[in-house]
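There are two complexes below, and they share chain A, which is joined by chain B in the first and by chain C in the second.
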Partner chain A sequence: MMKVKDTPVAGLRAAANAVSKSGRLPLRAMFANDERSLNGNYVLYLLFEAEDGGFSLLTSRIDARQPLEFPSLTTLLPAAAWYEREIHDLFGLKPTGHPDLQPLVLHEPWPADCFPLRKDFTAAPEVGGSISVKHPVAVHGEGVFEVPVGPIHAGIIEPGHFRFSQAGENVIRLDPTLFYTHRGIEKSLEGLPVERAIYRIERTCGVCSVSHALSFSQAAEAIAGTEVPLRAQYLRVLLAELERLYNHIGDVGNICAGVGFAVGASQAARQKETLMRFNEELTGNRFLRGMIVPGGVTTDIGGELIRHASSLINALLPDFKDVVEIMESNAGFIDRCRQTGVLPRQVAADLAVVGPAARASGIDADFRRDHPYAVYDQLEFKVPVRRHGDVEDRLWLRVSEVRESCELIRQALAFLASQKGECRTELTFPAAGGSSFGWSESARGANIHWLMLDANRRIYRYAIRSASYPNWPAVALAAPGNIIPDFPLINKSFELCYACLDR
Partner chain B sequence: MLRILQKIMQQGTVTEDYFMSAVPARFRGQLELNDQRCRDCRKCVDICPTQAIRLKKNKLSIDHDACLFCGACVDFCDKNGLRHSLNYEYAHLKGQLAESDGNRLAGKIRSVLGRSLAIRHVDVGSCNACDFEMSALLNPVYDITQYGIDYVASPRHADMLMVTGVVTRNLRKALEMTLEATPTPRLVMAVGACACSGRVFGKTYAQAGPVESIVPVDIYVPGCPPRPQALIYGLLLALDRL
Partner chain C sequence: MLQTAFGLFLQTVLLIGLAPLVQGLVKKIKARLQNRIGPPLLQSYYEIAKDLRKQAVISQHASWFTRYAPYIVWSCIVTAGLIVPSFFADSPLGFAGDVLMVIYLFGTARIFTALAALDSGSAFGGMGSSREMAIGAIIEPALLLAVLGVCLAGKTTVLSQLALQVAGQSWDFIDPAYGLAVLAMLIVVMAETGRIPVDNPDTHLELTMIHEAMLLEYSGRYLGLMMWAAEVKQLVVLNLFISLFFPWGIAGGLAEAGLAVSLLLYLLKLALLAATLAVVETLYAKVRLFKVPPLLSSSMALSVLVIILRIVM
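Let's look at the complex of A and B:
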């Protein structure tokens, strides 16, 4: 259900406006591809939700002999802002009229005409370690000062630089500088065969390992035109929900830690550890790595593991309920969370925010239900939605999702216990190569990948639009109006990955 | 308040020594090569995503620093010539702690840091799995403060840097500055395959090289990520407290 439309680059704004119904249908991904060796063009790909519940793909070619630029969509679709800056950094295609065209991904001063995601790019130039990212003083006025934080933080947190403009304790503005952990993963995959790429893609992010492996595998399976055995699909659901479960419970604990509520933090950390140990028992790896591969899953699970999983879930639910009740009954805790870090619905919609962050702000969207993959369309689950968009709603939303995940796990286990079958199949890719999207709903939201294979069945281009990508700009907008000691709490309530974003 | 006390009492103590819990049967630990079964087909060399398995003088050698413990080689070997054992205690020492005769420095460092170790974490381009396992050491099950080990907020308070990730170009400077801010005597631990080998994503435009090419490393804890028990083993090995 993907409608494809091509537009001349001069008409990109009008076409994007039409496809998105004046910005009402969210922009889910935007990336570029260097197809000069195939057709003499750079090509822009824009993925939108479609009215009929599917997707629309808008493409636009930029002739390599013409000026390397395209009209910026940012003033029309704010969600395009970071995508366009990234395309400018890595492909050297200029979004004309972009209101804030600073470097995003590459922090050092790179030589002109050196763009790493172009195909004729060979080796990275030696550049001195001086950092070229500028931090303009964002707010002027008497008594206004700046608080710079990071990239190395006080806790065990991934690196990012946050610059707060402050009036006393109140945050007036927050400017984040991210992409510190940019490892060049997309480029590193080019030229690899599918069966070897999985190990790198799975390691894009630790706590979204399953989601990344699943999005990639589904994209590869779509190109091969192969249906994965039913048992493998149920196993994939089991793994995806186990990933959501340990993430959400860990995050409930982190929100407690964010306000210094040690009992909640400690109890949730214990529950998360139980889940991580079960992950290792199931897959040999605490982050569920090494199980999902293109074509299915590597190992089946038998009766004993299924029984252990059932008893684990049965014990977890009342235990978790106790902790939730302790949190609910603590007025001091609730007071810190309520009306803190509000993400208004319209802002979430304009930035095309995904996952729990979107659902807590009243946006009813979940790829498991809206664009079903694996066997989610055969399973029963609810998609909780809340409307205040504050830390408290993001917290209770996760609590509700924990219960739904447990229900999904029970359904998957019931199937796995009752039926037998294959769980892996061979993939044969068409000789001409091909391209496809693959997606999954990670604990942070929709995780969308795009795979293009060349005529040698090797990866020509791979694009990863993780759930954290559209959500990070929203964090910067949820912070102003709060006091600076609440920022760690707000940040934890979004629980975004830096590694997922930076790649 | 009563509710909280009730829950804590019901729960009891969950803290354990790191070696107490059983290693699950499916755990993919140290690789073992069975020379008798190996038919020299070299499929494992071809499939290994980080070239951790190499052919040296016609013999297979396994570099655990680069191993992802992904199971690909075991999966592709038709003859069952390779298997993952349950061993996770494969941390090893180098640099100031190198085990050699007359290394008095190691003894001196241990006498200063041995009973109370303050650690600063530096993520230089990790996928966050190693970071989460480092956080797990603070949970009530592992509780590394029971060994006199804790994390601190600033490198100026630290005795050891635990470094996770491949060194990205965007973080190289931060790593160098963090080391410079750490008082001596100090130790550096490379945590996980990225930090130990720098080979997980091959060479790309965005990486500055493996950790050891930027700062000297004293302890290597392989794994992808190393399980919390492997981290504790590495810490106690460094302090000679096993």
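Let's look at the complex of A and C:
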């Protein structure tokens, strides 16, 4: 399934070019690991899609006694740009030849030569003073000016600084600065036993809780080599689809709010609230937390709740269809969404964009179908794909996915109502430790996690490649060419997570 | 003399007292149309009272202009409101100016708001004022043309005379030109009150704002005054709409009989107009910024048709 290839660091570019078939196969994740205490090296891990439908993993060792640098892949694989900047910030490994090697994760006044993900970094340094982010003027010319927005916004949203270069109302260039509230979750997990790590991983982000917990659990189960009971697999599908459902319906409402279309916004808000209250009834948590753990699911769902879930889904579909019809028949609303914030297919492919943003731009990729986990390969569902890559296509794509999610939930409920069984097993990890990937398709795309256990069966390194990570640079490229009052709408159509970056 | 002073007092109190209620009513109806409960009807009063009590924080880059502008804007709008008749035709400052005066007082208030927004040098203020002035340059002629259609029929620009003439004609006044003029004026009313489809008064998205973007640097009593002025302006625009197109039942002066009926009718008309604003705001999404000029141009085209009809017929 996963082909592993190791390459000397000097030959990294050639090897990456070969593994990605000249950039045709997307780079799904790239991260570094401080393995000096194990073998005296820093190691780079690059995860690519493989031609046979699986993955290929490319590793490359950087000897700690040699210069701490590696050849940058960004000019070859644009998707590597952010990963390399992050590795530079957090490990101090320099990607030589990177075209834009500015700090990504660490803002001033973070001290130089202080690299949080190295093992010899134990406590955060005193960081005084105010955050200052240096912005060289990006675009020069007559009538061109800059509009700085954020990091504090008027709405209750997460922090992000957006710097627009404009001529009149037209956006020429957008520079986002994110990572304002980095929590060091990956670092804080090091040394923890697997069963305790779930609490932090689940809280990487509010609205992708299920997906992060699922990715982590599957990585842990892969190391242990344990098969999770069938009933737990179906419960996981149910939870993952419920998460997608409330996210997508909320996002549809947010797109309406972005153009001041009050009917769509308030109706979708009502439906989202109904779903989240049901989540609480089902699991005791509005974000469906505390359910998925390594080894299965903590609580079985049965009898009355399953009947309730069925009737909820049966009532939701026609209700949602009504709202969609109102949206479709409003010419003013459609006019705002059409041709706005176009993400061309080639750009989406170059940046290895995932999830609805990729599928709306004509990239037919969905981890549930392409790299099936849980019991997705035994369930029937379609993966909708659209071509234009504008706000309208991202909107209708979510609408189609809502229908598919409801179908999946029905299938899962039918199984859960008819079959009984265990929903949790114990995991025993091999004494030598080990490492594995785990992934799941969230409402924003694939969340890919990598877990490495040391010989004490504690976490040696944990890497989270969230769905928002490859998609944020795409937002910056979808905005130019539009007018600045349309940016909130474009941003909402991607509906990315800031917390998923600040892990 | 005494009667003029009383009229002045009454109309001022009515304007500044009723304006927040109209705002509250629009918000309430909008909320109900969206299946929401909505804020209390009197919420706008609470907000203005709260803001007026609070200390203002002013950007250190701002000059005296930022501090004076709210008073100038508020005064301009209230003065304009005293020229437009409400429930009695003989408006207190009617002797001082006609409908053109109202339009130019609006223009003055607009310029001061825009300049104050530029004063502190924030990006949003600049964006808001550039949009406001660009759109204002089209709203003004559109309002002028819409009003001109009525003025041509009445052969005067004095609002009290216009209102009484239209009211005197009763139902005979309704003809195709009147229908077109109402439509033209309605578009201008939506634009002048900063509502969807032109502007969104309820949004928190700074990048999409027009009027609100200009107020972002304001706080405390200055913000209170600016918000209050915006609400009064909305009432004045509605008053203008009522006196030009639906003045039926309006009393001539304060001494005349039927004042109570006139007041009741006036409040009823205001409520109906507030409901209309709320329905339009609920039915439509905000148009793309660059489609605002075509929208206002269509209002102007209607007004030109009205003027041609008035001259030909």
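Quick note on the criterion: the second predicted complex is superposed on the first by the 497 of 503 C-alpha atoms of A that agree within 3 Å, B and C clash if a C-alpha of one lies under 4 Å from a C-alpha of the other, contacts with A are read in each partner's own complex, and residues count from 1 in each chain.
As a convention for this text, a contact is a pair of C-beta atoms (placed from the backbone, for glycine too) under 8 Å apart; a residue touches a chain by one contact, two chains touch by 3 or more.
Remember, predicted model here, so these are calculated numbers, not experimental data.
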Chain C versus chain B, contacts on chain A by residue: B
First (chain B), second (chain C), both or neither touched by A:499: first
Contacts of A:333 with chain B and chain C, given as first, second, both or neither: second
Chain B versus chain C as contact partner of A:429, first or second or both or neither: neither
Partner chain(s) touched by A:263 [first = chain B, second = chain C, both, neither]: both
First, second, both or neither for A:272, with chain B first and chain C second: first
Touched partner set for A:169, first chain B, second chain C, both or neither: second
First, second, both or neither for A:154, with chain B first and chain C second: both
First, second, both or neither for A:180, with chain B first and chain C second: first
First (chain B), second (chain C), both or neither touched by A:70: neither
Doubly contacted residues of chain A, that is, touched by chain B and again by chain C: 154-155, 263, 266-267, 270
In the complex with chain C, residue positions of chain A that touch it: 146-149, 153-155, 169, 256, 258-263, 265-267, 270, 330, 332-333, 335-336, 483-488
Touching residues (chain side chain B, partner chain A) in the complex: 3-4, 7-8, 11, 14, 21, 24-28, 47, 49-50, 68-72, 75, 84, 121-136, 138-142, 151, 153-155, 165-166, 168-174, 176, 178, 200-202, 204-207, 224-225, 227
Residues of chain C defined as touching chain A within the complex: 30, 33-36, 123, 127, 131, 196-197, 200, 202-208, 281-291
Partner chain B, residues of chain A touching it in the complex: 106-108, 116, 121, 123-124, 127, 129-131, 151-152, 154-159, 179-185, 187-188, 195-196, 199-200, 203-207, 209, 250, 263, 266-267, 269-270, 272-273, 276-277, 280-287, 289-290, 298-299, 322-323, 325-326, 329, 497-499
